[in-house]
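Once you scroll down, you'll see the structures, which are given as structure tokens.
Here chain A shows up in two complexes: once beside chain B, once beside chain C.
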Partner chain A sequence: MNTVATKKKDNLMVLIFAAVVLSMPVWLQPFGAAYPDLMQKFVIFGLFAVGFNILFGQTGYLSFGHAAFIGVGSYATVWVFKLYTMNIVPAILFGVLVSGVFALVIGFICLRRTGIYFSILTLALAQMSYNLAYSVLTPITNGETGLQLSLDDPRAWDAAQVQGEGIPATNFFGMEMSAWDGLFGFYVCAAVLILGFYISVRITRSSFGSMLRGIKTNQQRMTYTGLNTRPYALSAFVISGMYAGLAGSLMAAVDPLAGAERMQWTASGEVVLMTILGGVGTLIGPVLGAAVIKYFENIFSAINTSVLADFYSFLPDGLIDIFVGVSALFVGKGWHLTLGLMFMLVVIFLPGGIMEGIDRIKNRFAKKPQQD
Partner chain B sequence: MTKKTSDVSRRSFVKGSAAATAAGIAAPSIFVPHATAAGAFRNDPGSSKTVTLGFNVPQSGPYADEGADELRAFRLAVKHLNGEGDGGMMQTMQPMNLKGNGILGKKVEYVTGDTQTKSDAARASAKRMIEKDGVIMFSGGSSSGVAIAVQSLAQEMGTVFMAGLTHSNDTTGKDRRRYGFRHFFNAHMSGAALAPVLEAEYGRDRQVYHLTADYTWGWSQEQSITEATAGSGWQTVNAVKTPVGAGDFSQYITPILNSGADVLVLNHYGKDMVNSLTQAIQFGLRDKQVNGKDFQIVVPLFSRLMAQGAGENIKGILGSTAWNWKLQDEGSKAFVKAFGQEYGFPPSQAAHTCYVQTLLYADACERAGTFNPEQVIRALEDHTFDGMGNGETLYRGEDHQCFKDVLVVRGNQNPSSQFDLLEVQDVVPRAKVEYSADLYPGELGPYKV
Partner chain C sequence: MDAILLQILNGLDKGGAYALIALGLTLIFGTLGVVNFAHGALFMLGAFCAVSLNKMMTASVKVKDESVTFFEAFKEVPYLELWLGETGTTLISWSVPLSILLAIPVMLFIGLAMERGLIRHFYRRPHADQILVTFGLAIVLQEIVKASFGANPHPQAVPEMFSGTANVGALFGLGDNIVYPIWRLVYFFFSMSIIGMVFAFLQFTTFGMVVRAGMADRETVQLLGINITKRFSIVFGLAAVVSGLAGLMYTPILPPDYHIGMDFLVLSFVVVVVGGMGSLPGAVLAGFLLGILQSFASMNEVKSVLPGIDQIIIYLIAMVVLLVRPRGLLGRKGVMED
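Let's look at the complex of A and B:
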């Protein structure tokens, strides 16, 4: 999208985006990924990456601690489920609010520095939060076991309703998230992603967005013009923290459980990978990156040697073993290896991520007739 | 707004995408099975010739060794169910309804997954098995935190979970679920079995220091050991929680030296236990004399895989275990023989429990005559069986916990082979480790979800 962005074009992009997301259950079928849990992951991590991109892609601040907000959002949401109601709306709102406040505090501290120092500060604070959740704050987080619902939770606002046996399911005004074989939960998440994507487009096109890109391009020059950039950077930080909190809340809404491992630094690193793999600073790239990484994590890691043997069964006997042996290194437990190789190739040959690849292909087909 | 020609193509594009959106919204009706029909249940194999089981084990992390052995046992069980190999425990199991033609005449297939010893990853992996691969039952374990997390998922999804290695009291205590079953023993039984032996060996009135893995299993084992040994006048000096997968335990071991404790209880498992025990011995704890008594180390939950990892350090150390490959009953011998022929070495207790769980589930399906989990669960509840390695065993209906004999073992001083690392000190009969189902109160939940 090198040409001038207009409102019409943006709206069209959002519409196409919505169509692609909502039709996932159909077009993911051939990839073996059209089951609710994985599609929910695509959408939720897509949302996380969209939010992360507002900070990293637009403002240029590389945060290495964004998973902390996912965790805070999840814990806050599960506590609302436990104490008040299984309706996801108040729970998600509360989760986003809490993570926003948390982001304000962390951002206020970390944004005193830029560049690598900022990254290290966020990493340190996030790792601190992880350790707090893991052992110190066990009464609130239930430590390594993870915060789960139980039958004797008060659920004060739901108490009036007649309860069936067992723990009630999370619901959207009575409609259970597991309805339609889990697809209802997916559509709720998808709707939130589309809304979140639209907001991120509007932010990017606004004057606030230009200010953020100004910070990324040359913060010093902006300061010399007499402008205090910190409120802008802090706003971007809080917004992206709230996106992460929203993603965490959605995770808890479709699967009411919160664990400390969600806050670990590897989870923070993952979103950085997603954004870079998809294309830093592009609007759609981070969502693509999230989908690719989650696909590898869930589908490639499940391929075992018997699946490979089936796949290569057309080969003569001796060759099967060799092919299976070699391929087995890259699937199953070795899925990290495949992902690593792919990440290297993308960074070396397509520094702009998958989006750059798509643009190149598009240009090759579109530009030729015009140049003649 | 329709001045330019390009608008037409754009409008048609928008129309097209709107149509795609509509298709996306309409799509659910394609995927929704007849969930409302009476007697219907999730992943009904129906008229299919095969049935799929899911094996969800840790393939990475501190419990990876146990996970690998569990997977071997699952593969072996599937082989035996399908009538390949010598049948293993299917020769000794009593009562026995399996015919060696799969389950209910359907050939057994399986899918595997990696729990990474993390609740989130384990649930994601289990959900993939249930939603994508259509498994009728899933099994696995090696961490009670994970087992409890996937057990509640099993209840939500209405798919039976046959827990593998999980030792926390909570699994069949406060977090018990109708769709979760545990064959393995638990911390309470370890305490009940160990306490008399500990008093006889190490005397009364000991000062105890606990190092405890910081999650449900560690907490529960620390509590059970403390309660069981209180009668012998054993007192807790200090109980320190350590993170799972810590790797280096020296910072936790140094304070023990001057704490006045004369017994160290390691509530650790897997690689954690290998590391903490090795370091405790390197720090010279076992050569010390405190309060006029020899310093002792106790590892309440022992396994041969851990003993292999800890090497020399394990010698003489007491602990409890669910099963050992040197047991001489017919069931154990048949299983060890079949496992040995397949893989060339004897199975661990984790392998044993996973193998037995798979056969028990298959047998329950045969007895129920259906895969419908409601009937299968009823067939498993209060089922008594024998010939599977631990004497006569009861699957208690109130909490889905198995009751069977428990072994007290000691690190072998003179091992005759690299696998002969634990000698069975005592077989504690089932009656001595039984407890009432409401000692750890919990609610199973409904049969139909």
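Let's look at the complex of A and C:
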């Protein structure tokens, strides 16, 4: 393969990606999704999925405990906010560092096994951290209430600045995250996502990346060639743990609180679903999957029966009730049912996710001229 | 001494539930080689068999309350009481044990439908795909139950005969201060007898022999002209019945809600791993072991030394076992080694 050409292509891809992400506030307008809260979610979960994909997509290790790193990242970040400064940069760096160390420990234990054992081990460890966060570690995590900022936090480095009334807002070197109607926070997250995406592209194209794919294809054969695969798998695990920690830190940066429910294993399942839905092992897929799920979650859970009744108002009277009744199961509080169904359908019919679907459609159109 | 016995008893009913679910998981894994993340949902469906039978039996009608004479008063009276009087009331109180009769065919049907309809298409797919699709199925089943029964737990009563406590201490001659709810003892014996039945079925019937042969070497059995796939589907149905019954009988101990299955599932996986993937006796042993250890860890004496240990003991043990003895306690060599 011509490496120079690939590199150019990759750079172009990252540029297009950056353009698409940064222009989100514009093109999401017609979808009714252009408000900062939701776009921040797109971006943060996109980052989480990109990181998860480095582990699952490249090495094939299915972790069911990745949400634990989100939790750890959030807690660490909020602690920096409380103790030192409201500037997000040191806080996020600290959050990533802590989750990296945490991932190193967990990865060291879990990667001694492969396959289903690995999945169960990560699940067990994540569940254990979740339980600990709720019980013994309450002094650190503040238990069920969640970790929040309070007025009497020391904030040692910020002392020089004038202490206004109320709790100060998180800021990026003085620029508050909630500036520009919250758009500033979104742009910070988007910049981080683009950087993270670029790094993941570089990792995929590097020799380290092909080593990881070698682990996925046939770990045994890799071992037979005299190669110790574990350091590579462990690095991938730590990197993806740091991505998750970064996502958690960003969550805390835009909304400075941290709760244990972020660590629950259903949250880990969600990121698996995002990656699968978008396309495992593809570069853009996970981000796409994360955006689709968060978008539909937002839209579907807001729909209630009166909206449905409006939607079906063209039908004859008797039918409206039936249609509304059936559809109501899938929207609003029943959104998880749709999610579960979507999950099953994707795994059954489209194991390669949206990206595979796009490829199929592309191939169909590409083949036609050849047949002529 | 009394405290120790009490903790062992405490562990037995929980351990029984773990053992039954883990037994089903292991059966499915040993025969079909499928990792079933929807198994917890089967436990929950079993529990909701009891809930729905109870709902059906207590379907009531408003009748005039004769005891109030000052004004028109109405009270809800179940049809069964109206038609059968005292017998009806007794029948209603027996709804949980009676629902076993309902649950066996229902769970068998659900199990077979699940295997034939979905899981059989996944035998040749990677384990990750199996995990994912059954995980999706678990969410769907859970949400359906939530939509039809609501999110609140549904407490179930036990027959009067089994309510109250038994003085276990006196039974063993250990003093009078060990009293224990009868239903939990019933649950323990129930789970033991189900486990016994499953083992007897596999050990002493021709069908069971074929299944065991198929677990050991599927291809050879097929070469002998036996349709092993069909038998394995039936085993899947049986595993569904086993965990359904486990859930059903557990309803008086823990009021079931829609996510009870998920809660038990994670623990049961740990149990299976500790016992040894593919080992039936291992699943049972580990189920009871972890149940008992968990109840020991929740003793105040232990908690004061190691705070929070009750929350994590099971996971901790699983980690140690996997690292020290990756095959699990009774796991055979070569079964899912990687």
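Convention: the second predicted complex is superposed on the first by the 358 of 372 C-alpha atoms of A that agree within 3 Å, B and C clash if a C-alpha of one lies under 4 Å from a C-alpha of the other, contacts with A are read in each partner's own complex, and residues count from 1 in each chain.
What we mean here is this: a residue touches a chain if its C-beta (ideal position, glycine included) is under 8 Å from a C-beta of that chain, and two chains touch if they have at least 3 such contacts.
No experiment lies behind these values; they were computed from the predicted model shown.
K.L.:
Given the alignment on chain A, is it a clash or a fit between chain B and chain C?
P.N.:
On the shared chain A, the partners fit.
K.L.:
Quick check for you: in the superposed arrangement, does A:125 touch first (chain B), second (chain C), both or neither?
P.N.:
second
K.L.:
Regarding the shared-chain residue A:134, is it in contact with chain B (first), chain C (second), both, or neither?
P.N.:
Both partners.
K.L.:
Report for A:325: first if it touches chain B alone, second if chain C alone, otherwise both or neither.
P.N.:
neither
K.L.:
Counting only touches as set out at the top, which of chain B and chain C does A:154 meet: first, second, both, neither?
P.N.:
After superposition on chain A, A:154 lies in contact with neither partner.
K.L.:
I'd like to know which partner A:231 touches here: chain B for first, chain C for second, both or neither.
P.N.:
In the superposition, A:231 contacts neither chain B nor chain C.
K.L.:
Is A:143 touching the first partner chain B, the second partner chain C, both, or neither of them?
P.N.:
first
K.L.:
If you stack the two complexes on chain A, which partner ends up touching A:167: first (chain B), second (chain C), both, or neither?
P.N.:
A:167: touches chain B, not chain C.
K.L.:
Under the superposition described above, what is the C-alpha centre angle at chain A formed with chain B and chain C, rounded in steps of 10 degrees?
P.N.:
Result: 70 degrees, to the nearest ten.
K.L.:
Just checking: does A:24 make contact with chain B only, chain C only, both, or neither of them? Give me first, second, both or neither.
P.N.:
Once the two structures are laid over each other on A, A:24 reaches chain B alone.
K.L.:
Look at the superposition and give the distance in whole angstrom between the closest pair of CA atoms, one from chain B and one from chain C.
P.N.:
Closest C-alpha pair between chain B and chain C: 5 Å.
K.L.:
Once the complexes are superposed, what residues of chain A are shared between the chain B interface and the chain C interface?
P.N.:
134-135
K.L.:
Where on chain A is chain B touching in the complex?
P.N.:
Per the touch definition, chain A meets chain B at residues 12, 15-16, 18-20, 22-26, 32, 35-38, 41, 134-135, 138, 143-146, 148-151, 164-167, 169, 178, 180-184, 187, 255, 257, 259, 261-262, 298, 301-302, 304, 332-333.
K.L.:
Under the touch definition given earlier, write down the residues of chain B that touch chain A in their complex.
P.N.:
Residues in contact with chain A: 10, 13-14, 17-18, 20-21, 23-25, 27-28, 31-33, 35, 59-60, 111-114, 118-121, 123-125, 127-128, 131-132, 144-145, 148-149, 152-153, 155-156, 174-175, 214-216, 241, 243-244, 443, 445-446, 449.
K.L.:
For the complex, which residues does chain A have touching chain C?
P.N.:
Interface residues on chain A, with respect to chain C: 60, 62, 109, 112-117, 119-121, 123-125, 127-128, 131-132, 134-137, 219-220, 265-266, 269, 272, 276, 329, 334, 336-337, 339-344, 347-348, 351.
K.L.:
Considering only the defined contacts, which chain C positions touch chain A in the complex?
P.N.:
Of all residues in chain C, those touching chain A are 35, 118, 121, 125, 127-129, 131-133, 135-140, 142-144, 147, 262, 266, 269-270, 273, 277, 307-308, 311-312, 314-316, 318-319, 322-323, 326, 336, 338.
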